[in-house]
């Protein structure tokens, strides 16, 4: 079980979600974050004050997957999130020791296997 | 000239002025948060440069004595616009009242090109437009021009303001082109309460727009006022019914839109029809706009905030129905179809078509000429980042922490960077 | 009929109309963000269907000549409501002015049932209520009904508007029941500046409400206006003092509330009392509402936005104090206790009780009958998700990215899904 | 006394009242989100305690017959302020109109001390200030005091309101001291649309401020009104040009600021100059404020929202240019430099200096005396947490979930905690 | 030392916090996130545009605990966050190598032992 | 490769960012979070309702670094984020198994080595 954390551009989110769904990844948690990397920093002006915006808007995806899903997930993100310009983001892979599905208490593998639901 | 009429026209003018900030919120709430300041500035900027050019030049072209097509330069630079009476009010108050119309009309167009038009190009465009398109059209109807002679009725601007602006919006949306993700990604309103605030303040201000167009505080103003209450109320009621019957949910964005549509519809008719006809017009006027909104979203036309469906169709419907419902018993003057004057409907339709043709053609020419001199739209990458940062160098909502102050000592360097970034955006993003 | 009075009443009517969007912000800012559109729509919808039914039916029941209990159908469908004088203004302007009162009064009730009442049930309720409760009560006091005959004083609607709406709110809160987490979890305002915007615009609009109730621009309007400035200012000052003495902190939500309470208190008295009495009433009127607000939160009564404490107690206090402070030297007519007419206090109290009894009973009947036909509230699961998504199919604030566009080609399928979700919410959530 | 003038002054007074909530948004949008309620309350609280003390005391000191320096107590407690005519309107309406000026003037000062002044100290300060500084200065110019005798022109308050408040702001910023992170960290506006809403509503309300200062609805009101439209429009146009030429980007914060600056500049001149001069003043008036804003941010003076640059420089420029442009042909009275009366410029400059000297000195004394009794500012740690939580015990924007309700049974304990926290803040944070 | 990451429904947050406090967990960091899982997707309408809201509001909790606290913490979350309907969320357990208390520089075990404070 | 997660006070963010930049850490992702720890809880009042604000505003930093950068990064945060009062926050160090740069697909070490860009 791995936790895949990806930092991407907000404008790529829709594409990445679609790519993930095509790769059969059904569970993902996202958050709005700000990032600093090699991007050009914008200078903004508020009345007489100039500020360098060191942080750019990003989206963070967090996906818990079983081991054989790791590579497809990463490939899906890599291809859908890439624009080729500085600031495309990073993917981190972390080890997970245990995973629970709150609704049922199921653990690990079972916890991330999508159940049938009528949507 | 008397103080009662002056009192009302002072208020009416202030009310119409408020409509432009109101429009900024109506539009601003409907775009994504990265573009809200740009969208709002597209309205606010009309309060500055546009107002000045109107006072110095546009007003004269529209209202100074001239021929059927255009006024003259007699009032240019506000010469001869003073305290003397113009109807029941001082001439300069009439000029101010008209000025508020000239401010909001170009601002209306912006709804069709938000989220991708370059700000400088937009500013140049509306400056040329208010002089080259709005002023003559206003002259035709209200300045004693040929549409007035023809007998076209337009109480407060169905054709002059709404059809005119919406036609320009249609042309601008086509010339500027759709947003890069249009039809591919969902682009949702970032703050619906702002849109509702805009709609509420627009209604409030519209009382000045319509009832102020009586140019005095007599019974005609009261009639126009009452109709401006009843028509949008009915449009909102009908719209809500449509929503409930179609999908089961009355939406807030829909309610805000319905209010604006109802206001547009009654604008050309406000002082000419009975209150009961206003209810009828509010109901009938809902139909074309309601379905056009649904249909438009499925087309390739990225009229982003639906200026055409709301103002264009609403204005045209209103103008034509004015020819149906105008009633001499209420207006004390012109009659329409029901009152035994079927020809008025044709006159109305003709006036709509003439405005449509001129506004469409002239807008196209202005934009194409401008496009020779500067890019009209930003590049795709900048669309992703948003126009607030790239066109205005600021953000609407900041978390506050994490921005690094450019210290005075570093100011020169920072300024260098700013110049790079900004000239990039000033250039051809 | 003269243009000066028309001018003022045009403005006053516009001001009162603005109060309904203002109320939408006052209420909308105080709920959680997942319910803000629903809460605002509860006010906005009154601007549509309620306004139409009022114009076509309610106005006639309230103001057409009738008996002591109810008007007649003489003005139904706006028959006979035209340009002729009604006092100093055209009849139809009087109708429009009254219409704005009929719009906001039912909207006030919504504060007691936000965050759990089904929107369709609410809409049906206020449509029935404005005809079945508001119209007769307005007739009793302002349409020549029996409370007017009895000599009850209600300058701009302490009993007709505020006690009436608050009683309905109390009954509705009880019948609909508390929110599932009421008293268990904290449910906090999501946007306090919106509530302050609402309070600011309400005050602004209330000048039209109170000074407009003079129905002309004479000295009485000036008196009512001045009192509408002084009373809420004093309530705010006293409220701030209470806050500082009790807990050490003057809150913004408290300030917004104080302004509304002060406005409610002075409403029935505005044109009858001296400015100094307005200061006294503003101060005295703060007390019951201040402590009722604190007490209510500890009870089982989920009057979510405290309509009863603010409008009910405020309105009743104001109505009774009108009987104390009314002063013939200022009003040019009725006297109260201090001016030597102690009986007026009893008349005032009686009028409050009568309105309370009728409004309470009739509201209860309407809601119980409606409950037979449709569920009044959503289910607990839907409360968790929020009413914006489930009742209106939209969200107030979207991050914009991550929503997936339903493409035209998929539209039919998607519509299927939409129908499922929405019919679920249209059904019995 | 006539209904037309009353009608207008009712509206004008309501418009000016609205400016204080508008200011709350203008200022509130420009601070960080943790301080927005505190900032807004600094304006809102003026609507309560300040209004009351003004009605009971300040008005009399300013406008009751007195000597050249100060009025008398003849109107204290509103004695003798009744329905009788005061010019064209009832005396009490004049009092109400003036009251709205007395409310907003102290609120203007708050912009210089936001984000670190203790709320209680601020409240005490503005209460003393409105009586001790605003009332006499208003008397000097509008109450028949010595500046009036000297012939100083101040149509609607360039010196009385803007120079006066800005001088106090300057002194207060120095005495209270800068925010702890001023000049070290960036402190950005948390909601620019709120600032734009404020600017829009301020402009709308300012029509009441300036055209209402004609005190009737005659041609002078129309002139003042038109100038209040043209001057800020020109300032906005010039400001936008400066922005475009300097950095390439027209900012929204800049646009909102420009509108306010233009309004301030035309305030002293509104009813005295021709519309063309208003355009000139709007253009000239942009210059000092524009560059002062840029310069100030590089200094150690933490006039956080630039009251000095916008209101001080704008007011002084306006006052002096009034002496240049005043034109008997338009004003029907006073002439300025261009109209052949060069001395007026000196009179104007003198009046600015006198107000500056008195306001500066008196403000300094008030603050120093208060500082002996209570700390004027919060501690550094509290600045980090924010003033909303620590001074008002509430937050502007809550996510709603995760706050834990203090149950009635625990109320006593919780109250204990509250007392600790709040008394801490009430004490010396 | 483990890092427990839980994704829950926002409306369960108060209950979960109370359960954690009862289980003597005093330190927790939460963030507002959006999740996609098996939930029914809402379709929203904005004028003529229909959109599927693929993301539902969730809350993410992050709790660093010493090993013997892991199970009580998980149990507390599992019981307080469960509604039994699809969308209740997940719990992930990740290994932590080191933990510091910024205020004091204390490490590991000490860093997460609550200090006495007067609240 | 480690993932350093730090929870800090929002008002220290600028200082921490500066400290990180001085320590040559160029990549960081931050998010606005809320935390519960030993801090004094504020009681807020909304009309008659009193609530304990169990959660305080915090900022969460997430920094993926190669092993020899771990200590400098931690030291930078510890010194810049410390005020000495309860509530300064925590630093967690988690193991990373893999890291990708989305723009190029580079992995691990290469993925976090700053590229030259003209800002």
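Before moving on, here are some points about what is shown:
Think of it as A, B, C, D, E and F in the order they're written, each chain with its own count starting at 1.
To be clear about the criterion, a residue touches a chain if its C-beta (ideal position, glycine included) is under 8 Å from a C-beta of that chain, and two chains touch if they have at least 3 such contacts.
Please read these numbers as outputs of a predicted model, since none were measured by experiment.
Shared contact partners of subunit A and subunit B comprise C, D, E, F.
Interface comparison, C-E versus A-C: the higher number of contacting C-beta pairs is recorded for C-E. A repeat of the D-F interface exists among A-C, C-F or A-B. It is A-B, with more than half of its contact pairs matching by residue number.
The geometric centre of subunit B is 49 Å away from that of subunit E, both derived from CA atoms. Per-chain CA centroids place subunit E at a distance of 18 Å from subunit F. Counting only residues that touch two or more partner chains, subunit E has 11, 14, 17, 30-32, 34, 40-41, 44-46, 49, 51, 54-55, 85, 94-95, 119. Among the residues of subunit B, those touching two or more other chains are numbered 2-4, 7-8, 11, 34, 184-186, 188-189, 191, 197, 247, 249, 251, 253, 298, 393-395, 399-405, 411, 417-418, 422. Taken as a graph of touching chains, this assembly is complete, with every chain in contact with every other.
Note for the complex: subunit A touches subunit B at residues 9, 11, 14, 34, 40-46, 49-55, 57, 85. Residue ranges of subunit B in contact with subunit F, taken from their complex: 399-404, 417. Taken together, the subunit F residues at the contact with subunit C in this complex read 44-49, 51. Taken in their complex, subunit D has these residues touching subunit C: 1-4, 6-11, 13-14, 17-18, 20-22, 24-25, 28, 36-37, 40-41, 44-45, 47-49, 51-52, 55-56, 77-78, 81-83, 89-90, 92-93, 95-96, 99-100, 119-120, 123, 191, 194, 197, 388, 391-401, 403-405, 407-408, 411, 418-419, 422-423, 425-426. Considering their complex, residues 2-5, 7-8, 11, 15, 32-34, 183-193, 196-197, 199-201, 203-204, 207-208, 211, 216-219, 221-223, 225-226, 229-230, 232-237, 239-240, 244, 247-253, 255-256, 258-259, 275-276, 279, 298, 330 of subunit C touch subunit D.
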